[in-house]
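Sharing a structure, written as structure tokens. Questions coming.
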Amino acid sequence: MYNFRTDLTVERSEIYKNKNNANFIDGIETEEIDKNHIKITRVFITNENGEKAIEKPIGDYITIDIDRVKGIGDERIEEISAIVAEELKTIIKKHIDDKQEILVVGLGNIYVTPDALGPKVIPELDVTRHILKYMPNLISIDARSVAAIAPGVLGITGIETAEVIKGIVDNIHPKLLIVIDALAAKNIQRISSSVQISDTGIVPGGGVENKRKEISERTLGIPVIAMGIPTVVESAVLVNDCLDLFITKLQNDAQSNEYLNKMKEQDNYEEIKEALMPSEYNMIVTPKEIDELIENMKDIVARGINMAIQ
Amino acid sequence: MYNFRTDLTVERSEIYKNKNNANFIDGIETEEIDKNHIKITRVFITNENGEKAIEKPIGDYITIDIDRVKGIGDERIEEISAIVAEELKTIIKKHIDDKQEILVVGLGNIYVTPDALGPKVIPELDVTRHILKYMPNLISIDARSVAAIAPGVLGITGIETAEVIKGIVDNIHPKLLIVIDALAAKNIQRISSSVQISDTGIVPGGGVENKRKEISERTLGIPVIAMGIPTVVESAVLVNDCLDLFITKLQNDAQSNEYLNKMKEQDNYEEIKEALMPSEYNMIVTPKEIDELIENMKDIVARGINMAIQ
Amino acid sequence: MYNFRTDLTVERSEIYKNKNNANFIDGIETEEIDKNHIKITRVFITNENGEKAIEKPIGDYITIDIDRVKGIGDERIEEISAIVAEELKTIIKKHIDDKQEILVVGLGNIYVTPDALGPKVIPELDVTRHILKYMPNLISIDARSVAAIAPGVLGITGIETAEVIKGIVDNIHPKLLIVIDALAAKNIQRISSSVQISDTGIVPGGGVENKRKEISERTLGIPVIAMGIPTVVESAVLVNDCLDLFITKLQNDAQSNEYLNKMKEQDNYEEIKEALMPSEYNMIVTPKEIDELIENMKDIVARGINMAIQ
Amino acid sequence: MYNFRTDLTVERSEIYKNKNNANFIDGIETEEIDKNHIKITRVFITNENGEKAIEKPIGDYITIDIDRVKGIGDERIEEISAIVAEELKTIIKKHIDDKQEILVVGLGNIYVTPDALGPKVIPELDVTRHILKYMPNLISIDARSVAAIAPGVLGITGIETAEVIKGIVDNIHPKLLIVIDALAAKNIQRISSSVQISDTGIVPGGGVENKRKEISERTLGIPVIAMGIPTVVESAVLVNDCLDLFITKLQNDAQSNEYLNKMKEQDNYEEIKEALMPSEYNMIVTPKEIDELIENMKDIVARGINMAIQ
């Protein structure tokens, strides 16, 4: 899992605009669409100014916010998958042709429920590479070659995920990589109810994570589309979000004061994190229903990919 | 899962003492022991006054606080299990003889990781009832008859757990029941690092849960020992705990004010809960490492029971 | 798992007819239908003569032979489920009204793949008992009350399955019981590709199994419909089946002799079993693909029941 | 899973000796040792004559026959692991120094119980490569660098296992490869109760499997130690084994004849296979208890490797 807190570009963009009291940033284009109770936000970072503004590389960033994943049935999963597929298809087409080989990589640890999404998607994918290679008569002549792998995590394999992927890419030469990854959300509402797609790969952030190697076109030589799904949240983020709600309630009840009002206006995440750290209270948490959320998200992501690439 | 927030008697007792500025409550005796980096707190409610003071029925309440369950090895699990076994043995002896039949019930849902503890303990237990009944020559003449069952949850079976247990108790006539249950903690530090044992059974609280039927001597006619393990926590509890830490930090940095100081002194749980409810932010969460925590806790509880009852 | 070898009534009936050189048995009526590449065989034992002839109690015995369960998709599963549902519905209607309460019991051990079918069906069922009881406004007024439970196995619980069921039946008073059980097949072709439905309950056979208690109207006071799915086979059965094929091949190649010809005509199961026993070669085996077969059969049985009872 | 039927070298050697009425083969040395109810057979193929005789390349072949894996406890697992470790250590020392890097590869499909052994061993291994690389102060200076991966199967990834391994080997440069693989046994007694170790890698056989690529020093440039554990058996093998037992019994009962006597003396596997093929009766089967067998074998193999390599 990469990049705690600020994974989601939409949020960064919002933060920037709030900070700078701006409705528009040069080098950043934004679209918002509602389809079938699903909000799609597309952020296009088109030049270096945009890049600097939100500290994310030039590229497309799509966030699909699903109202509710818990307790949904097969029909709703199909609807959501179709929307994911459409966004994914558009971004793939910007980089490769219809028949060029794709490798899908499911990051994460199958033995840790909130981190198991990537590995769980892999066996659900319609892989075709081996059929095209060994039994070509069993498949349509127009089928795209698709391969898929779950390389495991550093703690179990002792090998950087980026190294495993590099080895495979160098050996089987796909033209594009899709990487599925469980993320940490900044906003508790996004936990397991949002899919972020971008074509800039995975660039690990600072802190402990900075030993992780980048998975991107720069390191692999082919375009990398990342599909990130928030499945966990830091306590500090949760507290920060809830504090705002709590102060709002105090304000409504005329119980707030200047200090609290100010607190609400600013982002207190860093201070809260600092306060929780010494007591080991800044845990990473996940909803109690995570098994079901992962199961439904696995179906959405797997079907979305299957529809998008064939 | 029963009784959100105030499951743990020690906490209630502390809250009462804080509220009443008292070191001692008539009808409540308390012992605290440290063994091998494990804190054992025993609360004995001995009369009606104690009962009223902390709103829990007369009986023994033992809380075993384990410093750390994450990442521990087999040897440490064995040490902790021995301590759990000792406490359990003492409380069992108050109610039945060494050879009287015990039925162990693992509450919870095997398909929901933080709720799977009870069902996961059951197959690890040394059940003997069938051996004593059908192959008595294979077992020591002094062995106690032990049976064990995981009855599932209302949402899957459509049957109240209490009804299933009543049916079995009426049919096989054990002399004592041990019920294993995953709880919600009031304090995030207790999540999956604490075991509470009591001999007053499980008495569901108010709210949504009040449809749940009681599992106790009153309803079943035999003593019921409950083993509760906190595996989840409400957002409001988490925020309440973290808020205190945050205000402490603000105080240290001379950034607090009167309002915040007052907030810290009182319990803001109810207000926070009220503030989070409308936005569906008052989720029940569990640590990211819940799979491992449940695995280790399963070993501790199962071995503890096995050592205690034979 | 009950009644090795001769679980399947159709086979007994065939054996009897072969032995007695008869096309017709008084007290036994037989129907064979083909629907959608599925063979349905209905055997009705209508009097004591039939009962004696094939050593099975008076009642209906339906066998649904599915050509292939391995590698099938969702659409085929739906087709098969509909056929299972139809047969099940007919047999249920013979015993209770449309609105009378049903309890479904999934026998078997969730931790042993070929024995996990029963427990895996239970969470897929549309249980309604608790909704009708506690939230009746959420459900159609015509809904039938359905409860479901997986009571575990003797080796884990120490309690006879029949005892657990009796306890629950006496407490919640359903009007009919459906019992799902994994069986041992006599014929390797039937492994995980056949469903047997009967309304005579489960009557354990001789040998080791004779300690098991009966699950039937006689013991429970309500009609018991058993759904049996063969998931394992004895080596001796496999060898017996294969020996016949092998001798056929020798005959075709003019390599057989009188002794082998005679062997083929008779049932050598008992002799083969006797030969294998001392070397512990008479293992119970299951196909390598058992995980997938159980998964598909679980869907077929669960959907079949859901369609049949509401 | 590779090389049906003749995986186990010991068997080939026996077959050759039986066929040629020989006690000794030039180029083949054999040792048999009994330790703690475990039979260790070491076959050393030392020259081309030996190579031709049993159609296996020059190298060491060790077979560890464990009397019983079902129902064993932790102590027995530890004893067996120590024996596996000793054999493994000896064969590793022939190829690399104590500190040279090892990569362990767990072949197989985690979703197919009898094929899940390899992937299940991987998370149990003490991998050190990442610690030596990123946190060297946390580990003994003498620790060997160990990495481990479960690359998945062709049907799920679309990529030949050999290709994935080649990519990783070329990227991280281990000095020796250990490959864990589930095999098909010729002899039903060996199912999940035997471990074969050899230093000649995995060389796929004929038939359908011939599309599989070799995993060996020839293809990877480093020594490859294969650890094979039989977990399944063909029906034809089972029938062949049982047929012999059955004829023995007929002989004892004076019921055999010349034809059967001759059948017993020769290997009828090919004829039986041919007879079963058209009816799809030549299934691959596995014992009913496969879940437990895999669990115990996973512990034996993982602990054996951990003890052998550090």
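Just so it is clear, A, B, C and D label the chains in written order, and each chain counts residues from 1 on its own.
Methods note: contacts are C-beta pairs under 8 Å (C-beta built on N, C-alpha and C of every residue); 3 or more make two chains touch, one makes a residue touch a chain.
In this text, all values refer to a predicted model and were calculated from it rather than measured experimentally.
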item: Taking each chain's C-alpha mean as its centre, the one farthest from subunit A; value: C
item: Centre distance in Å when subunit A and subunit C are each reduced to the mean of their C-alpha atoms; value: 46
item: Centre-of-Cα separation between subunit D and subunit A, whole angstrom; value: 41
item: Chain centre separation (subunit C, subunit D; CA means) in Å; value: 37
item: Touching two or more other chains - residues of subunit D; value: 111
item: Arrangement of touching chains [line / ring / star / complete / other]; value: ring
item: Contact set on subunit B toward subunit A in their complex; value: 111-115, 188-189, 232-233, 235-236, 238-239, 241-243, 245-246, 248-250, 257, 259-260, 271-272, 274-276, 279, 281, 283-292
item: Residue numbers on subunit C that touch subunit B, as the complex places them; value: 110-111, 122-123, 127-131, 134, 145-152, 154-160, 163-164, 166-172, 211
